[in-house]
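Down below is the structure, laid out as structure tokens.
A, B and C are the chain letters, set down in written order, and residue numbers restart from 1 in every chain.
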Amino acid sequence: MTEGLSAWQLIASGDAALLAIVRLSLVVSLSAVTCAALLGLPLGASLALTRFPGRTLLIVLLNGFMGLPPVVVGLAVFLLLSRSGPLGTFGILFTPLAMIIAQALLVLPIIAALARQTIEDLWREYRDELTAMDVGPVGRIATLLWDSRFSLLTALLAGFGRAIAEVGAVMIVGGNINGFTRTMTTAIALETSKGDLPLALGLGYILIVLVLVINAGAWGLRVWSEQRANG
Amino acid sequence: MRAALSDLPLTLDDVSFRAGGSAILDHVSLSIEPGAPTLIVGPNGAGKSSLLRICMGLARPTSGIVTWGGRTESRPLRRAFLFQRPVMLRRSVAANVAYGLRQAGYPYGLRRNRVRELLDRVGLLDHADRAARSLSGGEQQKLALARALARDPELLFLDEPTANLDPAATRSVEEIVLGASNSGIKVVMSSHDLGQVKRLAGEVLLLVRGGVRERAAAPVFFDSPSTPEAAAFVRGDLIL
Amino acid sequence: MSVATLFSDPLNWRFAMLRRSFFFCLSGLLILAGAMWPSLAEDRSIIVASTTSTQDSGLFGHILPLFKQKTGIDVKVIAQGTGQALDTARRGDADVVFVHARAQEEKFLEEGFGVKRFDVMYNDFVLVGPKSDPAGVAGSKDITAAFKAIKDKQAPFVSRGDKSGTHLAELKLWKEAGVDLDSAKGPWYREIGQGMGAALNTAAAMNAYVLSDRGTWLSFKNRGDLDIVVEGDKRLFNQYGVMLVNPAKHPNVRVELGQAFVDWLISPEGQAAIAAYKIDGQQLFFPNAHGS
């Protein structure tokens, strides 16, 4: 474990650059998951409740996109946001916003697909009752989202885990700019390429611990609130 | 917020219902008027559930016309439905009732007291903040009743609500149903249970193979059934 | 517990949960806004497309704070291979390019993507290889002879293979050594398509020869059994140039700020800053802005 020491020393000494990297990783990935949830949860719920031609195809696609390669998403967003691309005028390539967009696209299918599955199962149970209570389409979606909130939290965590751990997309659209778009994963890639394996490994430990802590926290929150909210 | 229009009388005119190629209901015509509870009896597969669902508006007939108070389209604002297996929202007992009130457009500020009254009515006051899904089967059915009554229904449909319940729970559900009926709610309920029919029925409607075989006021039905199937039911025999 | 609290609790609880989820969403949006803020508010910054060698060697970490202190301008460095860095600039995604591949830089200028090219500094390439030296080239000052020996002995050699300045320099050396790579390529010649650091890591793992810029080598920490085997040949000279991206091609280029960076790099102050960067007492880059 001595290899990780240098990074732990950095943490212990409250190294500002390292803290900025950790903070940026969290901000980017949490924002991406929030955006993806705002879009993906209603999308998954609508998909669960509606029937239309091509729906099955859409679901298959959505499930398939859960495994989108980050570099491909990164490349697509890069081409969109590049000055020579369709959205180039906004000048957001190589900014945290570009990274959020890329990660949100990466995470959106995961959240939407898992939400669709969860909500469709619950809808099967609730359909007659909600119909009998004359609940409209929006009310149905709201009720189903709320009542499956604990399962959906797992979907959000899955999305967050994917976002915080990926390197391909943020590297391409963020550019790994020191102090501006450098995240934990791109820093690990950089330190590895500089041959500073102990520091890279130490950053890796920190990343893993961070993911574990967040998952444990969410799990605890879930157990606690399930008891309180009477599931 | 509340439709002033009445859903009664409810009429079915030559209603048929087919599912998966087989006829569930076969040219049924009937009218449901205000009054004492109507009990729908008949063997399994006779079409009792489908009849109730069509009356509620949950299912559309394959052919024929359903009217509520003379209207062919009517949102279930003043109708409520109790399923054989109650559906419990994943919330507290009180929140389940509050949900029903909100769906019925009950004013926000008055909901808390109304929840209390309704839970008191079904005897679940002490369980208000428990998880609805942690209740026993009988308690769940009583909660479903409270939630249905939260809609202030004019018509209450019950699809074998006590089929899975023990005698004690059955008894309290029946008491609540009778109370609802006495307060002016028209109860339409299917049942397997001869004793229950005797205890609750104002009139009895016997359904056999998707058709109305016999319909009569309860005393007439039990004293002088006019069809062999009704006679068999009254004797406690199997109807085939 | 009184009946009143019994009743207020579950309902309040539910609305409390609603409130909580609302605040959760709100805080998410705030985080988002916070993340967007710097990109919107930060006006005095430029993007420099540069090479992995300048970043991995730590040069930027040394000189950029000095530049920022003087001008208040933030320089955001995208470290790529020279070819990729020039492409990034061609797309208009950078304001300044700072690379080392003369021929490609001149092509970039001819295409009209650059305003003017300035020499900034040079360093040199070194041939790094295992101490066991299977090709028997250690201590030589003749780089082409060494390349030929490696090919003849089929000693493992790691190539960047990424169109970077270093890669182009390597290809040029093979040509000068009279080795036709297309026919000579074999299992001994490994193209990895990655940056300088990755190439050194690979070479260290395989005990292979690799051509590296001196700066990256000096700051590289995972050397394993590798050491410099050939250095000091004039053909290993490695010139860096800097160009402002042409605003006529890409109007979004921050001309004033970018030009300030170019001017500073070739000014006596910038040149002194480059000369002052040392690792273990060794100077990595030699300023020659007005020399060549």
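Operating definition for what follows: contacts are C-beta pairs under 8 Å (C-beta built on N, C-alpha and C of every residue); 3 or more make two chains touch, one makes a residue touch a chain.
Because the structure is a prediction, the values reported are computed rather than measured.
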**OP:** Sort the other chains by how far their Cα centres are from that of chain B and give me the top one.
**Re:** C
**OP:** Mind naming the chain pair that shares the most C-beta pairs in contact?
**Re:** A-C
Original post:
Looking at mean CA positions, which chain is nearest the middle of everything shown?
Top reply: A
**OP:** Compute the distance, rounded to whole Å, between the mean C-alpha positions of chain B and chain C.
**Re:** 75
**OP:** Express in whole angstrom the distance between the two chain centres, defined as the mean CA positions of chain A and chain C.
**Re:** 29
**OP:** Would you mind pulling out the distance in Å between where the CA atoms of chain A average out and where those of chain B do?
**Re:** 46
Original post:
Can you list the residues of chain C that touch 2 or more other chains?
Top reply: 10, 13-14
Original post:
Where does chain B touch two or more other chains at once, residue-wise?
Top reply: 91-93, 129
Original post:
What parts of chain A, by residue number, touch at least two of the other chains?
Top reply: 229-230
Original post:
Within the complex, which stretch of chain A touches chain B?
Top reply: 125-126, 128-129, 131-135, 139, 143, 147-148, 229-231
Original post:
Inside the complex, what are the residues of chain B that reach chain A?
Top reply: 56, 58, 75-77, 79-81, 83, 87, 89-93, 99-100, 103, 129-134, 151
Subject >> Contacting residues of chain C [partner chain A, same complex] >> reply: 10, 13-14, 17, 21, 25, 28-29, 31-32, 34-36, 38-39, 47, 52, 55-56, 60-61, 74, 76-79, 90-93, 194-198, 200-201, 204, 216, 219-223, 250, 252
**OP:** Would you tell me which residues of chain A are touching chain C in their complex?
**Re:** 27-28, 30-31, 34-35, 37-38, 82-85, 88-89, 91-97, 100, 149, 175-178, 180-181, 190, 192-197, 225, 228-230
